[in-house]
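Below, each structure is written out as structure tokens.
You will see chain A twice below: alongside chain B first, and alongside chain C after that.
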Partner chain A sequence: MNVLDERLNDAPKIREDQPGLRNVMNRVDAEITVEVDGLRREFDSKEGKVTALDGVNLQVRKGEIFGVLGPNGAGKTTMIRILSTLLLPTSGKAGVMGFDVEKEPEKIRAVINMASGAERAGYDFISARGNLWFFSQLYGIPSEEAHKRINELSDMLGLQNYLDRKFYALSTGYKQRVTLVRAFINDPKVVFLDEPTIGLDVMTALSIREYILKQAKEHGRTILIATHNMAEVDAICNRVAIIDKGKILACDTPAALKRSLGAPSLVLEVSPVPAPASLEPLGKLDGVKGYTSSVDEERGLSRIQVVVDSDGSAQSVIDSVRKSGMTVVSNWRQQATLEEVFVALVGRGFREREHEAA
Partner chain B sequence: MSVLRSIVASVRVGWYREFNWTNPLLGFSMRTVGPLAGVIAASSVYFVGSSAARSFSPSQLAFILIGAALYTHVAAYSWVPTLAIAEGKWTYVFPQVFISPHSSLPYLTGRTLASFFSSTLTVIVSLVLSFFILSSVFNTSIPFTVTPLSVTLLFFAMLVNILAAFGLGLLLSAYALFATKFEWALPTYVAGLLMVFSEALFPVSFLPHPVSDVANVLPFTEFMRASRQAMIQGGDVYSYFSYIGLATLGGVILLAMGFLAFRYAENRARRLGVIDKKTA
Partner chain C sequence: MKLHSNPWLRTAYARLWVRAKSIYGEPLWVAVNVGFPFFTSFSFTMVYRAYGLGAYAGFAILGGVMISFWGNVLWSMASQFNWDKQVGLFEIYISSPAPITAILVGMSLGGILGTAPSAAMVAILGWVIFAPPIHPFWPAVVLVFSLTLASLYAMGMALSSLYLAYGREADSVNEALHEPVSLISGVYFPSVGGISPFPFAVQAAASLVPLTIGMDALRQSLGFPIKVAFIPLYIEALILALMALILLLASSRALRFLENKGRRTGSIAVRQR
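This part shows the complex of A and B:
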């Protein structure tokens, strides 16, 4: 167990009566709607067995918006595929509303729905309304009731004026809105959303997040979101599990996870842009938990975010960068983000992790 | 009730899929051209060959005309479950259908029924058109029996044949569920075999043993025979119903086989993780 894990376990849980905090779901007595126990999934590939999920344990409570945050290839989508009964686990247990995914998939299907941001399901030659009606009928919803729900849900997402257009004629953003209306058409108790705002403009993403929040808050639905979008998790999730290489590294409220880092992280803007290998010594300095970097091509700079445990460690990072021949254009300390929590846990950022995986 | 809603909605989607990709009249015309061309081509080949051999027989022409038309009918809708799965993986509709409470069987049933209705329409139109075209071009009288009873018996045979066609469709789609290659092509190969083994163009007794024995018990063969008993002069009701009985029995067996194979394939596809995998 590393230092951060200890901190996370020792971190005070936010109490239900604390005003202004979203963590109303952090109650041990809340009904568990999604439960995953020792979940493991392996895939065969040309290179041999690939482990997508490696003994994942998770509990999601009723009415909670639960984020599963991790880089591409971390195992998020695999978990959603198993929970939504598209895929069977290799070993371990997964259950929704008390039903087992392996033995009782038909019972789970009656109470869930799922949507993927990358896959906008629909028949091109049918209108958005026609598509939504079709999916509603798969759940046995009477036609009149189905149309009422289509109108209500579409209203929330500003889709009303586009309902009678053919699916192929809709923009990506509106197709995604149709997908999200579909995900709630059957009044599901649990909804799985895989990257629900991927590839969307800021305003569309915002309206979708508001819609998801409303669905959880007003209807008490449990919503599990798999995403690599940290802003999304910060904005709407009650709790988040950080996942990497098929393992859950930490699980708590976004605020508690960030607080657990202790010292604010250090951000450096350096020039010239360093080779990735030249930054590696940073990770070996005392008090450095990890770092991530990105290139600002317009300004010809590299931005390095370093998770440190104290002010002294921050200073030694600055000194080390200067000694390596780079010019520190600016530096500042900032409140930790969820990516920095990930960096502290893994030692690398999302981009580096995805690059390694590729 | 809920299952029925799934089936009805899937019939509606299937109907749109058949005719609504362009304006309905153009869609209908395009779908009729295929069977019409098939029937005329098969009949013309027979006419030319038999005329050269001086053995032309109007009743044999009627045999081929009925067989070719009904073969295109069966071939057109028995592969629809495969199509629905393959295109459903592309559009991601199929995974969504799969995780609905009744999963994919009502959907595949509805899509098959929609295609049955549409191909029944187009085949009847092409049968009527080819009858007039061939009678006039070959200057012969094709010995069809067209009465309310014969037409009713033909429709009844077509309805009975849904069992076998859907069974075959499920067998093919069992492969399509976890296949990532050739799932489009397989139904075409099977349809080709069906042309030879279902008495579409010639009696299966012409085939060598034991192939002819296998062909003889196929429900599609019995369906063809029953349809000819209904529509060609000289047919009798007793023979019709004996063929229908055999077609029903074979259809139920094929449907049961298709259902079991599909259920097995579903589970295996879930195990392999290919239900939502796009095809190559």
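This part shows the complex of A and C:
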């Protein structure tokens, strides 16, 4: 049994007869801790209404690490803001621990916490320990208990030796660790994390992922992570919802989503680097579910990942690229990644989606 | 419930601690907090002396003391939530169960605690160097000083709500408000009463700022040799108490309103999507 399967087995099972949000709101089934039903959120902009969430449905179970994966602007942060009571839905319902975000925000705030990887929230001239103690007081935690938790959580993240440094003197990585200690300081039942490892080096990101896993496994917390980092979702999430343009496109375990693609995807390295428009015919070939490309500037190559449904389709992609005048430097087949799942669903990769949005 | 386990008190105390600790955490700030008001009052005292108005020196020293608190209210109270919003602290406050009024009250008390030593230093230096003649009635001084601070910081709380709503230019608004309010509220010379250079309409408008009434009440209770009373002391004390109460209620309601509005419009956090 591999690590992922072990995690899946550890995740509490959802009841098949789970009838939906009404149950959560009536506190009938305690297994569902986060539930979203037909959630829609619009923002006013100069160009008119912008739809950030467009009828989202989700259920997250107790003790589960649930990923919401999508490119920038997909609606992930909006969903987290609604669930953490900072934003109201335009329509639809959202509930945490059976409480309605619209009608019972105070009850939700007592049992949740949230953190964003992009935040550097703290008072500069106060030590990391002082900042964390201050945040603990917002939840009315007795000082002795608060200091105990600060030490325990800091130990897990390797922050112990930095606790007495002033906040401004901490590096980005250590400020982020302070943020993550803060997110668990009140012993929350549900934690919302928005891009928790963004901008961090590989080792720091790994230790943070381990910390998140421990929090879910040892303390039974439900953790909802919004991210565009596919490796992160693959490494720690029991289930993942793929979101684009405010809509959930698929929701399952990472392994099941990847298995759903069937054939391994095709990777081509071509030169010279093609204009994006010259790749568009690829998407129209039979058996091609979508593609994404990136440029390897050092080698002067373009790498194209194509999601295909069969070996025959893969061969026709190679033929088509050659016919268009590009040289195929190398090509291979690889097991599908979550990005390719996204490509198969949307027809484009994260990068292309973000460029379109910009 | 034990007093020390009350979440409101815990939040207020923690915010007080952060504010006071931050002020003392940077030695340069302490020097600036003492230096700026002292040199301002020193300059005005020298001008008064040069024109043979040595008896007016007390006005400038009192102004130096009160300008420390006014600066703290403007730069560290009014614009604080807006700054908190920029760095992500405001959304932490809102998404926690902490009462927002406890945060404001803690911030105010911490501001007073952090500013009081600087203000005391200005008072001591001024009185030692210039020895202005005063005949204070101390109970009245303590009462009106406390009421002035209460109403001034309540104004800071109310302004913090306004800045939160329209605070993109908070620093510019602060710059724009600092000197005019200092001038019309009488921190350099009496702006209301017998020797005010302003017409009655300006004096009446200036009286809407708690600092103006507070300064006049302090001048009366300290017993300066030049009598410049605007309105009787006991009425000023009542006005200050009333202002504190109204501004406290207004700030609490405004913050509740802005929280609800922010949840509707998505303006609690800087990044909306």
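One rule holds in what follows: the second predicted complex is superposed on the first by the 328 of 358 C-alpha atoms of A that agree within 3 Å, B and C clash if a C-alpha of one lies under 4 Å from a C-alpha of the other, contacts with A are read in each partner's own complex, and residues count from 1 in each chain.
By definition in this document, a residue touches a chain if its C-beta (ideal position, glycine included) is under 8 Å from a C-beta of that chain, and two chains touch if they have at least 3 such contacts.
Keep in mind that what you see is a predicted model, and the values were worked out from it rather than measured.
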Clash-or-fit label for the pair chain B, chain C on chain A: clash
Among the partners chain B and chain C, which is in contact with a greater number of residues of chain A? C
In the superposed arrangement, which partner chain does A:G140 touch: chain B (first), chain C (second), both, or neither? both
Scan A:A169 for contacts with chain B and chain C and give back first, second, both or neither. neither
A:G75 in the overlay: touching chain B, chain C, both, or neither? Say first, second, both or neither. second
Check the residue A:L206 against both partner chains and state whether it touches chain B (first), chain C (second), both, or neither. neither
So in the superposed three-chain picture, is A:L87 touching just chain B, just chain C, both, or none of them (first/second/both/neither)? both
So the chain A residues that chain B and chain C both touch are 43, 81, 84-88, 106, 109-110, 112-114, 116, 119-126, 130, 133-135, 137-141, 182
In their shared complex, at which residues does chain A touch chain C? 43-44, 50, 52, 73, 75, 77-78, 81, 84-88, 105-106, 109-110, 112-114, 116, 118-126, 130, 133-135, 137-142, 166, 182, 186
Spell out the part of chain B that touches chain A in their complex, as residue ranges. 1-3, 5-6, 8-10, 12-13, 16-17, 20-21, 91-93, 95-103, 106-107, 270-271, 273, 275-276
Along chain A, where are the residues that touch chain B in the complex? 43, 81, 84-88, 106, 109-110, 112-114, 116, 119-126, 130, 133-135, 137-141, 182
Interface with chain A, chain C side, in the complex: residues 4-7, 10-11, 13-15, 17-18, 21-22, 25-26, 87-89, 91-98, 262-266, 268-269, 271-273
